[in-house]
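Working notes, beginning with the structure itself.
All chains are identified by letter, namely A, B, C, D and E, in their written order; residue positions are counted from 1 within each chain.
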Amino acid sequence: MLDQLSLDINGLTVNYGAFVALRGVTLTVGRGEIVVLLGANGAGKSTLFRTISGLQKPTSGSITYGRTNLVGLSPEGIIRMGIAQCPEGRLLFPELSVEKNLVLGGYIHRRDKGGVKDGLEEVYALFPILRDKRHQAAGSMSGGQQQMLAIGRALMARPKVLLLDEPSLGLAPLVVEQVLEVVQRINAAGTSVLLAEQNAYAALSIAHRGYVLENGVLTLEGTQQALLGNDAVRSAYIGV
Amino acid sequence: MTSSPNTDLLQVENLGIAFGGLQAVSGVNYRVTPNAINAVIGPNGAGKSTFFNLLSGFYKPTSGRILWRGQDVTRVPAHEMAKLGIARTFQTTSLFKELPIIENVLLGTRLRGRSGVWDAILRTSRLKREENEARERASWALDFVGLGPNDPRPVAMLTQEAQKRVSIAIALATNPNLVLLDEPAAGINPEETAGLTRLIRKMTEHGLTVLLIEHKMNMIMNLANHIMVLHHGQKIAEGTPQEVQGDPAVISAYLGGGSRA
Amino acid sequence: QNVVNIGYSGPLSGAAAFYGKDVQSGLEMAVNEINKAGGITVKGQKYRLNLVSLDDRYLPNETATNVRRLLQQNNTPVIFVPHAGGILTVQAFNTRNPEFLLMAYSSDPSVVSANNALTVTLPPTFDQYLAPFAKTMMKQYGKRLGLLATTSAYGRAWADAMSAEWRKQGGTVVGNYGVDYNTTTDYNPTVTRALADKPDVMLIGGPSQPTALVVKAAREQGYKGGFMVMDQAKFEQMTAIASTTQLNGSIGVLPVGDYRTAGAQRFIKEYAKVFDNKVATAEPALNYLGLYMVARAMEIAGTTTDASAIRAAMPQAARTLKASQQLFGPASINERGQLNSQLQIALFRSGRIMPLNANR
Amino acid sequence: MEFFLQQLVNGVALGSVYALVALGLTLVYGVLKIPNFAHGALYMLGAYLTFVLLTQFGVPYLLALILSGLVLALLGVVIERLVFHPLRGQPQVQAMIAAIGLLFFFQAGAQAIWGPEFRVMQSPFGGVVSIAGASVTVQRLLVIAGAVVVMLALYYFLKRTVTGATIEAMAQNREGARLVGINTDRVSMLTFAISAGLAAVAATLIAPINLVSPTMGDVVNLKAFAIIILGGMGSVPGAIIGGYLLALAETFTAAYGSAVGLSPDFAEIIGFALLVIVLTVKPSGLFAKGA
Amino acid sequence: MFTKTHSRAALLVMLIVAAVIPFITKNAYYLDVLIVAFIWSIAATGMNVLLGFTGLLNLAHAAFFGIGAYAVGILTFKQGWNFWLALPVGVVITAVLGYLFGLIAFRTRHDAFAIFTLAAGIIVTSIIQRWTDLTGGRDGLNGVPPPPPLLGLELEGSSPGFYYLALLALIVALYVVSVVVRSPTGRSFVAIRSNEDLARASGINVYAHKQRALMLSTALAGLAGGLYASYLGFLGYAITSPNQTFQILLFVIVGGIGTLTGPVIGTFVVTIALQFLQGFQQYQLLIFGPLLVLLVLFAPHGLMGLWIRSTLKSRRPRASATPAPAGKEG
């Protein structure tokens, strides 16, 4: 875990035109942590993720990874720093085979042929269904299968920080369980994780810490225990 | 609830479809319980959405029959199915993105209209009558789902939850008997899910029949009267939530042992 | 100083631009020469000529618009149009207010048969070539004729007329394989097909360069017979593509440079000088001639505006052109408004072009 | 037999050129979703460039072929940057109009520089060889061989290299491609470069058989569109097979059409007739992927 | 809402200006340019019904324009019919052929549809080229008679009479399109453009509505073609070619796709711009080409889009990138 650094977001503000999607968000993903980001629809979770990955330019604020400022870097540059994302909506390559999707997930390591191969084996071990369907076009798989592929593709980049934007969306309960287990395993192997979830209980149960985002503003921050015990969190995100 | 042939709404016999080599749905026999909340669950890729696409006329089955009120509707095209009284929503929220709410819902009323190009050119009374009826129906549907008609923004700018409600309103505007909802609660939070649950209950209170795909087990187990479980395109179980929940085949294929969901 | 505007509407862009530019060059050269020599003198007044050119992309509707523009904005008493569609469209209104003289450059017979009172047609109709072409070639190569002309209206008419003439002289037509010389990517398939009928003589023709490609393709496939080259194609341009050996045995129109008249020789030299060594063909030559006749007719009629009077003076203008302006020999204009420019036919033989006398 | 063979060679040579042009178009159209109506103009510019290299600089033919391909590739990059890149995300018709604007510009530009008249490009491979009784020009053999080499190379590049896969990946999901670290701007440029380069190579190969003029690309362009639809959009093998299919259909219509009452000039539209028939029977094209 | 009243006002001003022009000038060239622009405006409006409102790019549009032109030309010239009978019959013929065309064309979707129509258009052109007995083939038809005088008004050539006839036809076309796109039928067109699957699920017979849109579109093309034939007096196959379709497409896009007045404005702007550029002769496209590119780069929604956007900006700080489709009511 020596090459682990922390991801620090400071006073981040993001606008869509005149609309302020994020306002002064400050948040940290420490080395080796699993951090959960809770928030209702439209709270700005995906916006935050997109901004970290360089798909969206912030209006102000900073994002630093170790000593490097990520603001202004291209998405390519950011993924090279070791920050990979499994995005909302999956953004797969629907007409390419499952395996090609995964291989492209390892695009930044393309010179390391053996490494990419090992990565493939690891992903197939995590999601055996992907191995069965590896020659099928990604777009013709079911929603859940595609979600697994999207996670697998992000893992192929061998990230140091993994951003997971609602990975359980549309997944069967059994698979949600698997996915969260996988997240824990990845984390145990040394990857920090920032996880956005609607499924707050499940997410908090594997997380170290968490934040609550409402209308673009961070309103709450705490450890797993603190958040699980918080009444507001319980009523808004866990359900009774 | 007993179902005699004339109270039957929708029934399928030996329904199946194959994509190339893949049998996405196969040999499914199923009868929708009228005026109740019916659910279809199953692992990802089980064939649930495909099953809906068959029922709503989007896919043509490669085997079996679909009966609507006792009549064979297996080959009826999608828009005719809607006219018969089967409305649906899509797994990824599907809307007329650049149009405002009211226009979206008005389009749902279109199937009851008979007016055409000439009515428009000649401004016939039929056109005006239909237009009024359509607006009434649309505002009823919006009211039903709890939205106001006056938001001029394109629906693409609304929240996920509002978009889901709009898509249900479009379905309701077609004046259906049976509503197929494909994962209506995906991507919305527990609070909103509760609201949606209430909305679905209200639909059956109004005499509608609901057929629902969902992965949120809390919701399904609370809401559904009857559940069918699909796995690899085949029906592996069917019954009340209690029955299904305890079925070992369902547990091993879908629910798993944990309680995180 | 007084100025007379002369109008021109032709294709200056698009696929037919090379043709429109050729015509325009001829007109431009005449205008420049006349102006350099002090312009024209009408009723004692000196006038300078000014050519106003508009692009119609070969589209009749654009021609109509252009012509109205020339009339309204430029008061042109005379307008040159070099394609049948445009000419026919314009003939619908050139005799009405405001009248103007239409200088038509098209060998399409319907231009002449329209009997338009204010049209002068510059090129000869192609029928004068039929009999001598057929006679010469049948005698030298044999009786089997294959048709491989371009599919334009002009090309079809040519092919039909030649078939009739050929049969009349006792030959047989063994195949008709018209192709569009403007759009075809590769002539080989059609040439191969046409050769499979074993023709002795082939009728070919369209724009010069594609026509030369057809010659080349046929020779490369071992064809030994003769070619009758329609008048649209010019030997002087074809030689840039097909070798003289390949061209041997072709009959066609005598290149402008091969007329021994002083006018032709001077024209060729001047044209090459002005237009960067471009080869002058009958296109610029006849339009050059046409413009000189217009200028002369204005002087004779004593008006630069009255189209009817200018038209009436045209026959006399043709007769009284200076020798240096008579390119092909003494020109005349017949009662149907057609220029007889005395074009001659020629045979390619042993790498040389030999004039033949076309007139019966 | 000799006749048949002769026609077969004719058809295969023409098909090679069609396939190369269609390949470039299918990359940009199928992959970047840009209906590049200026593709035929790039083809035309490629021919002029070779013409200039041959006649004014005395560059040998094969070298001119490569140079012309490279310069056009560069031009492809320039138009991608200046025109199509900024239009990203706009409806397709916008790109189509921009492409038509480019077409006008290039055509008028070529006419302004080189004049409207036909130009002749002499190839050093002027000979004729006899194969089983059919006489075939060496240039035609060169067309076939050149096209096959280029196509094999391209196929290998697209299907077997990761860089090739990035082209397809970006086509299907630009943001997804950026998220895995693909520089999508570079891939767009690369796609245009390959496309324009292919057009130039095709034009250079065919020009000695035909003529060079500002409008020489028009017909080929329309046919290339027919080919890529016939072959299934964006499909590389589809474009190749479609190209040969169309050329053979044209050739054999010219050769045997008269037996069934089709005049040879029908060959020029047989492709479009074929397209209409194919799409009537199979609306997604001959080799469309999926259902 | 304001865009609607604005465009109504703009339309009214344009109409008044158009109506008085023949009183200001008798210049046959100006009238000619305007008449031709009126005629192409009708054709562009027809293309817009399909492209702008229904989302279907029919690249055989000029072929239908040509069919209308040849129908009226042949009926009046060869059959001796009266223009006033031949014109509506020509429109009906075009619409019926449009319907038959749709039977096959709508089996395809998206890009395949566009290219299918392109190919079909090329075939129509070549049929017209080859069916010499009927169409005059490559020679074309010369001598299509002008409409007979009406109420003592001369309708020949670039006369004020024909000017008003063309203007009236354009007004009728715009009226029809404006009421249809606002009607449930027109709304269904927009639904198809926006989301075909959802339209289907909502019970809209997508195929039937595409057919209606196509018939309306081709009928307008036929009307424009019929006027063109009797205006010009000469018919050649070139007017049916893909190049003409692209030109009409240009009109629609320059003006603004999916707006009522956009295609008309586009037609006028392009036509007049091209007349101005005539002075550059063969260099005109050297200027026009880049102008087009600049237009789509900086006014991607056409001139109307530019205008709507600027009015939106002045009303609301957050302008949306897409112009409101005219098919909707506020």
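The working rule: contacts are C-beta pairs under 8 Å (C-beta built on N, C-alpha and C of every residue); 3 or more make two chains touch, one makes a residue touch a chain.
Worth saying up front: this structure is predicted, and the values here are computed from it rather than measured.
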Longest centre-to-centre distance from chain E, chain (CA-based): A
Most distant chain from chain D by Cα centroid: B
Chain centre separation in whole Å, for chain C relative to chain A (CA means): 75
Chain D-chain E separation of Cα centroids, rounded to whole Å: 32
Where chain B and chain E are represented by their mean Cα positions, the distance between them in whole Å: 41
Where chain B and chain D are represented by their mean Cα positions, the distance between them in whole Å: 48
Residue list for chain C, restricted to those that touch at least two other chains: 12-13, 17, 21, 151
Touching two or more other chains - residue numbers and ranges from chain B: 19
Numbers and ranges of chain E residues touching at least 2 other chains: 282, 284-285
Interface residues, chain E side, partner chain B - complex: 176, 179-180, 182-188, 190-191, 194-195, 197-206, 212, 216, 320, 322, 325, 328-330
Chain D partner contacts - residues on chain A that touch it in the complex: 53-55, 74-76, 79-80, 84-85, 87, 90-96, 100-101, 103-105, 107-108, 110, 137, 140, 153-154, 156-157
Residue ranges of chain E in contact with chain D within the complex: 51, 57, 104, 107-109, 111-112, 114-116, 118-120, 122-123, 126, 242, 246, 249-250, 253-254, 257, 282-286, 288-293, 295-297, 300
Chain A-facing residues of chain B, complex: 19, 42-46, 49, 91, 159-161, 183, 186-194, 215, 217-218, 253-256, 258, 260-261
Sites on chain A touched by chain B in the complex: 40-42, 129, 140-145, 147-148, 166, 169-177, 180, 198-202, 205, 235-239
